[in-house]
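What follows is a pair of complexes built around subunit A, which joins subunit B in one and subunit C in the other.
The block that comes next holds the complex of A and B.
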C-alpha cells in the first residue's frame, strides 16, 4: 500500500500561477523517499501539504489509504523535523519531547519510558534539563529528531534538516539518519536540494522541477539512467556532459538521438583499455583542479563544446592536447524533446 | 584618548542619574521636613530630625488604607481585564489573516489617537446610565483594553518563527494551548513590560478617577494625595503632600525592581534560532 498518494494535486498561492498542477504521485510504504529539486520546485510545498500545514488548492491527499481532507496536522500520525529545528525555546529538552506526547494523551509512565529511550538513542540523556539555547547546533538537531521519534509516527517528514549544520556534522548525521531509518522501519519523506544527501540516504528519489516529476527511481537508476537531460545535469558533480550529437563525428548511431551524454567519471584516459565501439574524443585542457583523491579537467573538444573529466588516483596530466575515451555502455542518448532513449547500452555492463 | 572618553562617559552617566534621581530625593527629603523647613531659603539638602509624624498626618487627613485598597483592586482589575482582552487580540492580529483583519487593526490603532478629554463625557454618561458611577466597574471598564498593548504584543508575536506554531500544531496542540504554552512564554519580557506600564499608569491615574467618582467609595490614592492640598493655614503643606507621594510610589518602585530584568530583555530580545 502506498504510504502517501497524491491524486490530481494542485497548489497555487493566492492568485499566482500554480506551483504544482495535477500531480499524481505515490510514495511507497517503508521507503526513504527524497524529494529533490532546486529551490522553488515545489518540494517543500508538497511536504507541507502532506503535513497539513499548507492548504491544497485541488486534488486529494491520502496517507495510509485515508483521505486527509479536514484531518488536522496533529491527527495525521506524522512527525516533522524542520530546517531550523523549531524547538520550543522556553522549554527544556525533556519538555520539548514531552509536549507532543502529553497532547496525544500518552500515559505518564509510557511518556517517561519513551523519552528516556529516545534520549538514550540520540545521545541526549545528559542534556534533558537544558534549554535549546544552551545546546550546540548538532545537539539541537538531535532534540528535533528525538521529538519526532518519540511520537512513534507512521510517517517521518524532514524539511532540509541538515542545511544548518557544518559539513562534518552533516556527514555524521546523514549516516545516523540511515541507521535510524533501518531501525525504525517507517516511511521517511525527506526534502533537500542537496544531491549527495539524496543519493546517500534515499531508497527512492523524486526529482521535481516546476512542480512536475522529472524522474522517480532508485539512486542507482537516477544516476545511471536519467530520464531526461534535466535529471542528467542535476545529478552528479560535475554534472553529466550533454551536447548535441551533431557536434560529434564518431558517435554510435542511435535512432532519433539529438543529444549525447556521459558522466565525467566514466571517462578514461588509458588507451590500452579501449575496445571496439568505444567513443574516442580529444581536445585541449582549459583548466585542471587537483582535489586530492580526484582530478577534474575542463577540456574543449571543439569551439562550442566543453567536456568535464573526473579521474581518480592518477598522475595529473600536463596542460595541452589530450585524447580520452568512453565505453559505449556508458553513453546516454536523448531525443529532440530531451527525453532518454533506451538503446540498451547500459545493459551490457 | 581612551581615558578621556571614559571620563566623559562617566560624567554624562552621573549627570543622567542625577537628573532622574534628584526629584525622588527631593520628594523623600521633603516628606521628612517640618513645614518651616519646606519653605526655607536657601533650601536644606538634608534633615537631621526626620519628621515621621508627617506620615501619620497623612493617615489622619485622608482614608489612606481604604484608598490604597481601591488602588490595588482597580489596578489589578485593569491588569486582569487587559490580559483577557489584549493577549488573544494580539495573537489573532499576528497570526490570522481574516476578512477585515487589516481594517480592524487600523481601527484599533486609531483609538490611540483619541484624547481621553474628548471621550470622558460620553463615557461618564454611559456609565451613569448603567448606574455604575462610584463602583469598581466604572473605574476598570474604561481601561479594560489597550490598543497600545495590542500593538506591542502583536509585534512580538509576529517575530516568533512560524515553524514553532507549525511544530506545535503537529504536536496536536490546540490554538489556545499554542497561545498560552508556546507563544506567551516566549513573549514574557514584553508582557511583563506592558503589565508594568499598565500598572504604573492605572496606579497613578488622576483624570479618570476624578471624573468618574462623586464620593470616596472607590476613590484611589492620587485623588487622596490631591486632597492633602487642602490648606489649613497660609502655607501649602508640602511636607505632608510629599509624605503621601512617598506612600504612593513605594508599590511602583517595588514592582519595577521585580520586573527590571524582564524589561531589559524586552528591549533586547532578538529571538532564538
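The block that comes next holds the complex of A and C.
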C-alpha cells in the first residue's frame, strides 16, 4: 500500500497560476522519499499539503489509504521537522518533546520512557531542562528530531531540516538520519534542494519542476539514466555535459537523438584504456580547479561547445590541448523534446 | 581633563531637564510633607504630624480602599478584555485593521472630553444608557449618583478608554509570534486553549508584563474622570488618592498635608513596582 497517494492534486495560491496541477503520485510505504527541486518547484507546498498545513485547491490526498479531507494535522499520525525546527522557545527541551505526547494523551509513564529513550538516542539527555535559546544549532536540530521521533508516527515529514547547519554538521546529521531511517523502518518524506542530500539518503528521489514530476526513481537510476535533460543537468556536480548531437560528428548515430550527454566524472584521460566504440574528443583547457581529491577542467571542444571534466587522483594536466575519452555505455541521448532515448546499440549499465 | 568632562556635558541637557522637572519636585514634595503651609504664610515644620493625621483620617482609609478597588478592576478588566479583543483582531484583514483603529480612538481623545461624554451618557434622567436600558425593560440606574454604583461607572469609563491601547500593543505582540509555532502546535494535536496558554501567552509575556505595569501606574494616578464627573462623591465613594491630593492642596490649601498623601502614593507605586518585578519578571520569557 502506498504511504501517501495524490490524485489529481492541484494547488494554487489566491488567483495565481497553480504551482501544482493535476498531480498523480504515489509514495511507497517504508521508503525514504526525497522531494527534490529548485526553489519554487512546489516541493515544500506538497509536503505541507500532506501535513495539512496548507489547503489544497483540488484533488485528493491519501495517507495510509485514508482520505485526508477534513482530517486535522494533529490526527494524521505524522511528525514534521521544520527548516527552522519550530521549537517552542518558552519550553524546555523536555517540554518541547512532551507537548505533543501530552496532547495525544499518552500515559505519563509511557511519556517519560519515550522521552528518556529518544533523548538518549539523539544525545540530548544532559540538556533536557534547557531552553532552545541555550542550545547550539545542531542541538536544536536534534531536539526537533527527538520531538518527531517520540510521537512514533506513521510518517516522517522533513522540510529542509539541514539547511540551517554548517557543512560539517550537515554531513554528520545526514548519516544520523540514514541510521534513524533504518532503525525506525517507517516512511520518510524529505524535502530538499540539495542533490547530495537526496542522493545520499533517499531510496526514492522525486525531482520536481514547476509542480511536475521530472523523474521518479532510485538515486542510482536518476543519476545513471536521467529521464530528461532537466534531470540530467540537475543531478551531478558539475552537471551532465549535454549538447546538440550535431556538434559531435564522431558520436554513435542514434535514431531520433537530438542531444547527447555524458557525466564529467565518466570522462577518462588514459589513452591506453580506450576500446573500440569509445568516443574520443579533444579541446583546449580553459580553466582548471584543483579540489584536493578531484580536479575539474573546463574544456572547449569547438567554438560553441564546452565540456566539464572531473578526474580523481590524477596528476593535474597543464593548460593546453588535451584528448579525452568516454565509454559508449556512458553516453545518454535525448530526443527533440529533451526526453531520454533508450538506445539499444550498446548495453546500458 | 577635557575628555573626562565631555561625556557629562553630552548628557547634561537631559539630566538638567530630568532634575528640574522630576527629581527636584519629588524631593520638594517629600520636604513639604513635613511642613504645615497654606501657600501664603510662612512654612511651619511639623515633623510626622501630617502622616499621623492622615493615618487616623477615616476618609483617607476610604480613599485608599477606593483607589485599590479602582486599580484592581480597571487593570484586570482592561488587560483581559484587551487580550480578548487582540485575539479576535490579530488576523490581518481589512475589517480588523479598521476595528483596531476604531478601538484605539478613545486612547487619543483627552480624558476630559471623554469624561464629559460619559457624563451625558450616564445621566440618570436623560442619558443614553438608561434610555437603552429602558427599551429592554430595565429600571434606570443612577450611574453617578448612587454611592454603590458610582465607582463601577468610573471603572467602566476608564476601562473603555484603555482597552484600545492595550489591544493594539497585544495585537502587535501576537502578530510577532511566528506562524510556524502554531503549525508545530497543530501537528502536536494541541487544542486551541492549550495553544493559547502554552504558546501565545508565554510568547507575548514581555508585552503583557510591560502593559500591566503601565496600566497599574496609570490607574493609581486616576484623576480627571473623578474630578470632572463625580468630584469624589457621592459620599466620598469615588474619591481617589490624586483627587484627594488636589482637594487638600488646591481647594483647602493644605500643601503639606497634600504632599504627605503624594508621598504615600509614591511609596505605594514603588512597592508595587518592586514587588511586581520581583515576583513576575522571572516568569516572563524574553527571546
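In this section, the second predicted complex is superposed on the first by the 343 of 349 C-alpha atoms of A that agree within 3 Å, B and C clash if a C-alpha of one lies under 4 Å from a C-alpha of the other, contacts with A are read in each partner's own complex, and residues count from 1 in each chain.
The rule is short, and it goes like this: contacts are C-beta pairs under 8 Å (C-beta built on N, C-alpha and C of every residue); 3 or more make two chains touch, one makes a residue touch a chain.
Because the structure is predicted, anything quoted here is derived from the model rather than measured.
After superposition onto subunit A, partners subunit B and subunit C are found to clash with each other. After overlaying the two complexes on the shared chain, residue contacts for A:132 are found with subunit B alone; subunit C is out of touch.
Using the contact criterion defined above for the overlaid structures, shared-chain residue A:274 touches neither subunit B nor subunit C, since it reaches no partner.
Shared-chain residue A:242: touches no atom of subunit B or subunit C.
Once the two complexes are laid over each other on the shared chain, residue contacts for A:251 go to neither subunit B nor subunit C. In the superposed model, A:322 makes contact with neither subunit B nor subunit C.
Shared contact residues on subunit A (touching subunit B in one structure, subunit C in the other): 51-53, 72-75, 78-80, 82, 84, 86-91, 99-100, 103-104, 133, 151. Those residues of subunit A that touch subunit B in the complex are listed here as 51-53, 72-75, 78-80, 82-84, 86-91, 99-100, 103-104, 132-133, 151.
Residue ranges of subunit A in contact with subunit C, taken from their complex: 51-53, 72-75, 78-80, 82, 84, 86-91, 99-100, 103-104, 133, 151. On subunit B, the positions that touch subunit A within their shared complex are 161, 163-164, 166-173, 177, 181-182, 185-186, 188, 272-273.
If you check the complex, the residues on subunit C that touch subunit A are 178, 180-181, 183-191, 194, 198-199, 202-203, 205, 285, 287.
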